[in-house]
Amino acid sequence: MKNYTKISDINNLNQTIKDAIQLKVNPFQYQSLGKQKTLVMLFFNSSLRTRLSTEKAAKQLGMDVMILNVNDAWNLEFEDGAIMKMDKSEHVKEAAQVISQYADIIAIRAFPTLIDKQKDTSEFVLNSFLKYTSVPIVNMESATAHPLQALADAITIEELKSLAKPKVVLSWAPHPKALPQAVANSFIEMMQYLDVDLTITHPKGYELSNNVVKNTKVSYHQNEALKDADFVYVKNWSSYKHYGEILSQDSNWMMTKTKLGTAKFMHCLPVRRNSVVEDAVLDSEQSVVIQQANNRTFSAQIVLKQILENL
Amino acid sequence: MKNYTKISDINNLNQTIKDAIQLKVNPFQYQSLGKQKTLVMLFFNSSLRTRLSTEKAAKQLGMDVMILNVNDAWNLEFEDGAIMKMDKSEHVKEAAQVISQYADIIAIRAFPTLIDKQKDTSEFVLNSFLKYTSVPIVNMESATAHPLQALADAITIEELKSLAKPKVVLSWAPHPKALPQAVANSFIEMMQYLDVDLTITHPKGYELSNNVVKNTKVSYHQNEALKDADFVYVKNWSSYKHYGEILSQDSNWMMTKTKLGTAKFMHCLPVRRNSVVEDAVLDSEQSVVIQQANNRTFSAQIVLKQILENL
Amino acid sequence: MKNYTKISDINNLNQTIKDAIQLKVNPFQYQSLGKQKTLVMLFFNSSLRTRLSTEKAAKQLGMDVMILNVNDAWNLEFEDGAIMKMDKSEHVKEAAQVISQYADIIAIRAFPTLIDKQKDTSEFVLNSFLKYTSVPIVNMESATAHPLQALADAITIEELKSLAKPKVVLSWAPHPKALPQAVANSFIEMMQYLDVDLTITHPKGYELSNNVVKNTKVSYHQNEALKDADFVYVKNWSSYKHYGEILSQDSNWMMTKTKLGTAKFMHCLPVRRNSVVEDAVLDSEQSVVIQQANNRTFSAQIVLKQILENL
């Protein structure tokens, strides 16, 4: 693998999922692979799981890790030709080239503005680094995608499914803040690659990009969509059409034990209890969110492993 | 040792102190013990000594260390059954379970509110992690206790005492800000376990919890209390009775060279010069605060060692 | 080497530059030298290159690295005899002594106030640590000097020069914010040690300290100064005479492709495009700023190596 900025960077997805599960048997089995190699993790935004699991994954491969909260440095300019007289102290052209000299792999977290749809869709942060660095880039959640999360989700479903082709439902949930579409986008894309029966359900106005949804079934009726589900992935996102807006906080869309039926409950975390999903779900055996979070380590580790093998 | 959240988690205190002193001879003698083990350090509050000494201790045992300033992620919710629609993005139930999957040991610093006595006394942060994690927890100063500091203090006294049963005085000092009772609480508890003659002295209104003080002598007359002391531990705390309040800033309680007599001067640091204690004390040979701070490394290291041996 | 707080701490400069270049062949050749040694990096100010390159250099020598953003702890007091009742929680006397017990080497970044000339000139932060620590100190940019940058600059010129004695010009550039004189000071001092023909050019009022400039040619006419230059180092600084003031933002002093002629373009970064220097320069083959930034690693590594050898 050269970079992991999008799911399609994975060559053989089914084998990769199997290899990730195999890593769990002995997480240190490839610890000589990353020797004398450095992962630089750049955070433009907050992180808990992604930060700890990616650092852990790299160290289990024997890598050195250097972390930079970009806010501990200064604001970067991304516009070509900008006359830099305001609050941006360094252009990404320099920053990216410089950091790539200190790193064998660079991992980046950079959320969308949720204000400027075109800019977000262009993935200007991630793509600027891709353009100006000479080393592989790993996406730790960008404006429109969270492929490490989606890979962890795929690993979790592979570990837990009892049917060859399970029914998977992505169900929108209410949330007090405007959130990105990234997790939903990547989950949908990942499920489209796998042998699952996927349905998306959300209120009107929350339609995701056609480039993501494609032929996947979409229903505005949550109960109908959830019928006979094996896995229910709950997630809030703000409107894509009315970009970044909160159109509904209708608590009828919150996931409950009753609605869930016998399905497994999935969420990328952090999750707001009794707002996105009721306690009864999270505290039940049907919730697999902790296992998903654990799989973040092996999702990151298999990606870093494949990149290291290709250096 | 399973956890180190309180002094009584130590099985054999006198042997532990001896073993800590022995670690100093060659701090790296157990560096294979922590191999492929990860310490996650979680900071809800500022830290200098605790942060550096605990990280160093873990590395001297061969551990990997991952540090999370919780403010670099987001606010955690601790209330059971909370409807999470405000400024808390993740419940400790998830956070604790998730982090415990990335860690072999979790160390936590979480100061009290100094506003809600009941909540602070419940040690809601530390105890939530204890409840929801599956890995050992180390207390890097909690709402009511600082057992790593107290262990370093005990090591220091053991190294420096010239009498079998020295006289130790804990003397309150004025301070411009309201500070926790944690250091005082743990120092008292530690001294009660050891073979010392302990006296506590403070102005009226600064009585610490009865659960801590027990039968220890308390005097409102500093000069009387200090008489013939071998070790004087100076520390400010805010009122426990009038919870979190500053009742006095009376500079007559500041420690001076004259009052100290021939005793050794102890303080956990950071210390405000010429407010808590005059320069003449800190700059004299009688001050052992730097040695105390050095012992923080070996206090943390012996605790981590005993936990690692029990994994 | 005992400390590296100023360029003159280097014993044999020409050999040091050669040794730094030699490190690039195999950056890990001395990785046993730093085993069981700890570098503590203290940041009073923002950093990108310095932070990553110094951490990388230390790790390539096998050192452990612990990083403290001093703002994650608390404000330090530097005044002797201060009565600490305000916003400073710890005196540097304690902080420095304490940290030196956790570190084999301490690296410090502490910018000037740009308000109090006398205080800045006294290098009160750096010199307080020098005074109170027992371990070597490395300057990661102080109030008046940036010797790691200057050494990287010297390495870069050594690698790229085609003449035995190249003509080097330090050319002031406009900038929207008041910046320190540190980089300019250290670059001048470094060039004075080397066999180059140095000219400084800046508008009136931007004269640097006589203690730095000494006999070096200074011209107020940029075009005249730039004539036949082999290396042009562009940098903004605020007025030294009218301390910390911005006297000019005259864009005529911006570096352009035309002015540069056939010279190599140097800058320490971060650089504001189209304000300090036009895109056409930075995007040309004549710009060596990325190579300069890469040499920061080897500048730090040769310094740490010489200090480690002297421990």
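A few points about this structure:
Read from first to last, the chains carry the letters A, B and C; within each, the first residue is number 1.
Just so we're on the same page, contacts are C-beta pairs under 8 Å (C-beta built on N, C-alpha and C of every residue); 3 or more make two chains touch, one makes a residue touch a chain.
Computed from a predicted model, the values in this text were never measured in an experiment.
The rotation that brings the Cα trace of chain A onto that of chain B spans 120°, given to the nearest 5.
The pairing of chain B with chain C is characterised as different-residue: of all residue numbers used at this interface, under half are used by both copies.
Between chain B and chain C the centroid-to-centroid distance comes to 39 Å (mean Cα coordinates, whole Å). Chain B has no residue in contact with two or more other chains.
On the side of chain B, the complex with chain A involves touching residues 36, 38, 40, 64, 66, 68, 72-74, 77, 81-86, 88-91, 93-95, 97-99, 101-102. Across the complex, chain C meets chain A through its residues 28, 43, 46-49, 51-53, 55-56, 59, 69, 176, 269-275, 279, 282-283, 289-290, 293-294, 297.
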